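Look for chain A in each of the two complexes below; its partner is chain B in the first and chain C in the second.
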Partner chain A sequence: MIETVLKALFILLYATFVGFMFMGIIRIVTARIHRRVGPPIYQPILDTIKLLSKKSNITHGLIYDFGILYAVGATILAVMFIPLGSIGVLRAYGDLVLITFLLEIPMLGIMFAAMSSGNPYAGIGAQRALLTMLAIQVPLGFAIVALAEYYGTFSTYQIVMAQQVSGWSIAHLPLLLAAIAYDLVLQAMFGKEPFDIMIAPGEISLGPMVEFGGKHMGLLNIQHAIALFAETLFFSNIFLGGGVVTAFSSSVLNTIASLGVLLVKQIAVLLVATFMAAIFPRFTIDQAAKFYWKWPTIIAALGAILASL
Partner chain B sequence: MNELALIVFTPLLAGVLAWLLDIRGLREAIGVIGAAVPLAYAAMLYERAAEGLSFAINLGVFNITFALSQLNWFFVGIAALVGFSAILGLASTAKDSYEWLFALMSLTGVLGVFLASDLMTFFIFWEVMTFASFMMVLHYNKQASLKYFLLSVAGAYAMLIAIAFIYVKVGSFDFGAVQAALTQDAYAKMLGGQATFSSGELMALFGLFLVAFGVKAGLFPLHVWAPDAYSETNQSYTAMFSGVLSKAGVYGFILMYLLIGTRLAVEFGAFRSAPKFGYIIAFLGGLTIIVGGLLAALQEDIRKLFAYSSISQVGYILVGIGVGTALSMQAAMFHALSHALFKGLFFLIVATILHRTGKTTFADMGGLAEKMPFTFAMAFVAILSLAGIPPLVGFASKWVLFEAVISQNLPILGGMVFFGSAIGFVYLIRFTYAVWFGQRPTDLDDTKDAPLPLAVAMAILAFFNVVLGIAPGLVARELNKIFGSDVIGGDLFILDLGFGKYNALAILTYLIAGIAVAAVIYFLGAKVRKVPVTDTYQSGNPVTMDYNLTIRRNFFLPLKETLSGWLRISFDRTYRDIGAWVEDFGEVMRNYVYNGNVQSYAWYLLLILLILAMWGV
Partner chain C sequence: MEEITFKIAQESKIRKKPSFLKPWMSLKYLFKKPVTIKIPYETIEPAKNYRGFHTLNWKTCIGCNMCGQICPARAIEMTWIEGQKRPRPKIDYGRCTFCQFCVEVCPTNALGFVESYMLTTEWKEEELQLFDWVPIPPEKFREIQETYRDWKFPVERMKFNKETKEVTYYLRDGTEFKFKILGYGLKPPAAAKPKPAEKKEEPKAEEKKE
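Showing the complex of A and B:
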């Protein structure tokens, strides 16, 4: 019992810390692409501390507060189900379909909170977020179907173990197609250009986030950090072989090594997304829907059909 | 008197009494008791469902027979529970005794359909159910009721032809006898012997049943009656109409599997691991999910939105039934239960909103969450359940369904159900935004919360949404009993399919823990100050209540534009065109055949005599 609580606490702290580092990495890498120096890597942590310590906060009602808490809670829930190397609290229940859902439901909390503010920018932002979600769901669904059909199991942990034997998922053609589609979907899940339609700074004043300030925004920063960690971790687990290192005799060393391996893979996923974000301008929402329902869907559906043969 | 007869006939009796007495207060009491009796008896018969009760009345020409088994107990349970809640809601919203009569009559009809143990009884109660629901719609809108009536009649007579066809070949209406005869036929065919039903006959039989049950379930493209009929009637009644009556179609498909499924599978073979005929049902079900969902997102009327959403959700059930493995059947039945629970709840919420505000379009509403906190709380449960948010019942059933479909190596169906889950999210948020949040129109400032009967009815359904979501093992246990084997393993809180596991309790625990962690950070921060809705960012401009801040019209305009090519295809219009052609044809026949010319009638006589002469009479 106590061991489980400690593990859960460790996962939570590690995910938050690494997530903030990821946010810092994105900012530095983007800056270097633009030939700027950029902020220090720990800048997002400073931002969050500043937001959390604001003296005056506003609220538009109960749902405005609860939506934020729900979003953070649901993100924490999602990260618990994804296998993190050999550390896992609930990895026995880390079902593909479940995690796919769990990665989406924090959005519900953010949208509930944003909408209850009654701001028209929040409304239009929620509309764009929902349509983006609808658009990515088709290729995402096919990618998940391809994985489940290829491995014959829905357990993420078993998929990681299967990759230990048969090589990374992306080494097999049907799953490579699924991975390409999923990587395009990740761009929208991270909220990065060209699919950052939901937030769209400069276009609709941050959309759903427009009314949040102070500790609400601070909590959302934490949520964003954990979500970034969870999404990259899930991708690394299902497509890049996860992190299972058994080279050392000590289990502690093995654990640290697998965390390190995972971290490298996660950063690789993150960098691909950042490079894409830095060079592509934003799509409009109908272009995004048409795009996701065309190429990624065809690629992922092809993968799913090949995997089921 | 036999318990089964009591379950079936008490609502009808109560309905007639309520109609005859027509005293305000008394008719409500009688009606609610009439709906409570089936619920009480269904609960009491829970233990005895395994023994198999039966009941028969001899009507001379044929018998009315009822029988209780594990399978139909499950559906009777759904019908009695949701029916009772709907009737309780009706106590607040019914305008006159007419509605009591037909609402209770349709409950009798649907209970009779679920309990029937021969094809003739099934058909009779099917017609009672259709007639009573038609009368309910007629009371509000003639146009909508006629559309419903015409499609239902087409379905019912398709069924009647199929039943007559089976009777001619088998010589019995009894489910047991028909099943045995067709299973035997299947074996005969498999072993290369002489089969009673030819391939063409079977295809016709399948087509007839597909139309018959497809109409009631709202299968694409036979769904066009549903948006009008569901919206143009008493919304408390729609809780039952959509929650339970659509399940009669679902039950019909299950029955089709039981009776002629083996024979059909043997005749037409399999597509991958699904039987070919089942794959047709599943594929149409998948299209139903997508079409219903997309159209739900584009509606501007709260009742229409939920009507299309209902169609979309029934599509899931049909996908599960179509795939046809034991697991997918269980998933379909599980989703039938959860659909009845959350859609019943949704329509009661709509009934409350309509009852309290008298408005149905999104353009007239907003900011009701502050005025109707209880109803909003119920809506919150229903939204989470329908959108498939763990740990509510809507997620558990959808999860089993997803895994059941995908594990059968059916990638296209898998993609379709995934799309359906996202579109569910999309239209629900639109409902949430336009009705509950944002700026409130000033004419809604003195709206009151739900009246007591509706509040109780909503609370009952919300309770089951939560409890069965946290403990999905309760449902899984019942479903396993129907199949006599542990298809879904696990215990009270865990569903174990072998290739996937779902632990509802862990989700609940960690969600609460996660929210607690967030709450700690939240409460460590400085105090919050409540600001009014007009104290908001509007590009730095001041805002007053004269500005409309909430987007109430055409919320999903970009979606509409993206789909504009597809939206030009409308089955509604196709049926209307066919109707117009038939009318024109009637007009032409009237003008040419009954032309009022005596001589042409003489010519007809001559023509017939000539034909007779050629025949050699």
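Showing the complex of A and C:
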């Protein structure tokens, strides 16, 4: 019992810390592509500390506070279900559909809070975010179906174990197609540039986030960090073979090594997303919906069909 | 009618085809050295004759108020200083646009400028006094600029004594620069009018302590 709680606490702390490092990496890499130096890697942590120590906090009622907590809680729950190397609290129940669903929930929580603020910009941002969410469901669903069809199971942990035997998922053509579609979808899930329509800085002044400040924004920063960690972790688990290292005799060394291997894979996923974000301009919302219902859907559907043959 | 031919570039030559692969070319900057100048650690040299703060040669200024007339922001007010026959320009950097028309128009070239341009203060009454000054002689200013080379305002602190109307500039190299203001405007101040007359014999007696 105590062990489980400690494990959960470790996963939470690790996810938050690594997530903040990921945010720092994104900022540094983007800066280097722009030929700037960029902030130090721990800058997002400082930002969050600053936000959490603000004196005045504006609130617009119960839902406004609750939505944020809902988003943070859902993200933490998602992290608990995803197998993190050999550490995992709920990994036996880590179903593909469940995790995909839990990774969508935070956006709903932010929508609750944003809509209850009554700001028209937040309303526009919420509409755009919901339409983006609607658009990414189709390729996402096909990618999940392709995976489940190929491995014959929905359990994430079993998929990771199957990849130990048969090689990484992206080595097989049907799953490679699914991975490409999923990677395009990740761009929208991160809220990164070609599909950051719901945030759209400069266009609708941060969209849902206009009204947030102080502790709300600090919590949202933490949520964003954990979500970055969870989404990259999920991708590297199901497509990049996860991190199961059994080379050492000691279990502690094995755990550390698998965490390191996972970290490298996560950073690779993150870098691809950052590159795309740095070089492509933002889509309008109708272009994004059309795009997601066209190319990623075709690719993922092809993958699903090939996997079922 | 003579026929005129215009050169018009063809649209097909100007319009570029949209491409998915070309944006990836910009990743080549990822491993190049950033072009940032890290300001607190590296310095930049302003251009020669960069239009910065003013200098005033107190010996050649004749108090003609040409600078005050041409100043587009009306930032120049003539100031009567004890021991001086003629008024001197006092420049308000809260309004000055650094166009340096006053330098251009000065008939005796008494008003000049140097390359220093940095003046930051906190929002305190006594620090905001720094924005309003009678410029110091160019030799002194250049000396301070050459010593520090950080292009900052040469006066660290100003003290204005309301009773005696005595102004003290505490310069950055530790020296003080003192004078007494008798009045403002083009007309000599009524109370102080006899003073310049009787002090005629010592016109270069600005209290300047090194």
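The criterion applied here is as follows: the second predicted complex is superposed on the first by the 309 of 309 C-alpha atoms of A that agree within 3 Å, B and C clash if a C-alpha of one lies under 4 Å from a C-alpha of the other, contacts with A are read in each partner's own complex, and residues count from 1 in each chain.
The rule is short, and it goes like this: contacts are C-beta pairs under 8 Å (C-beta built on N, C-alpha and C of every residue); 3 or more make two chains touch, one makes a residue touch a chain.
Predicted, not measured: the structure shown is a model, and the values here were computed from it.
When the two structures are aligned on the shared chain, A:Ile68 is found in touch with chain B, with no touch to chain C. Legend: residue contacts after superposition of the two complexes on their common chain; A:Arg35 is shown touching chain C, with no touch to chain B.
In the superposition on chain A, A:Ile49 makes contact with neither chain B nor chain C.
By the touch criterion stated above, A:Phe280 is placed in contact with chain C alone, chain B being left untouched.
Using the contact criterion defined above for the overlaid structures, shared-chain residue A:Asp95 touches chain B, although it does not reach chain C.
More residues of chain A are in touch with B than with the other of chain B and chain C. Of the two partner chains, neither chain B nor chain C is touched by A:Leu173.
In the superposition on chain A, A:Gly152 makes contact with chain B only, not with chain C. Look at A:Ala304: by the touch rule set out above, it reaches chain B but stays clear of chain C. Counting contacts by the rule stated earlier, no residue of chain A appears in both its interface with chain B and its interface with chain C. The part of chain B that touches chain A in the complex is made up of residues 272, 367, 369-370, 387-390, 395, 399, 402-403, 406-407, 409-412, 414-415, 417-419, 421-423, 425-426, 429-430, 432-433, 437-439, 494, 497, 499-503, 506-507, 510-519, 521-522, 524-531, 533, 535-539, 549-551, 555-556, 558-559, 561-562. Per the touch definition, chain A reaches chain C in the complex via residues 29, 31-38, 275, 278-280.
On chain C, the positions that touch chain A within their shared complex are 23-24, 26-27, 29-32, 34-36, 38.
Residue ranges of chain A in contact with chain B, taken from their complex: 8, 12, 52-61, 63, 65, 68-70, 72-77, 80, 90, 92-93, 95-98, 101-102, 104-105, 108, 111-112, 115-121, 123-124, 126-128, 130-131, 133-134, 137-138, 140-142, 144-146, 148-149, 152-155, 205, 210-211, 214-215, 218-219, 222, 284-286, 289-290, 301, 304-305, 307-308.
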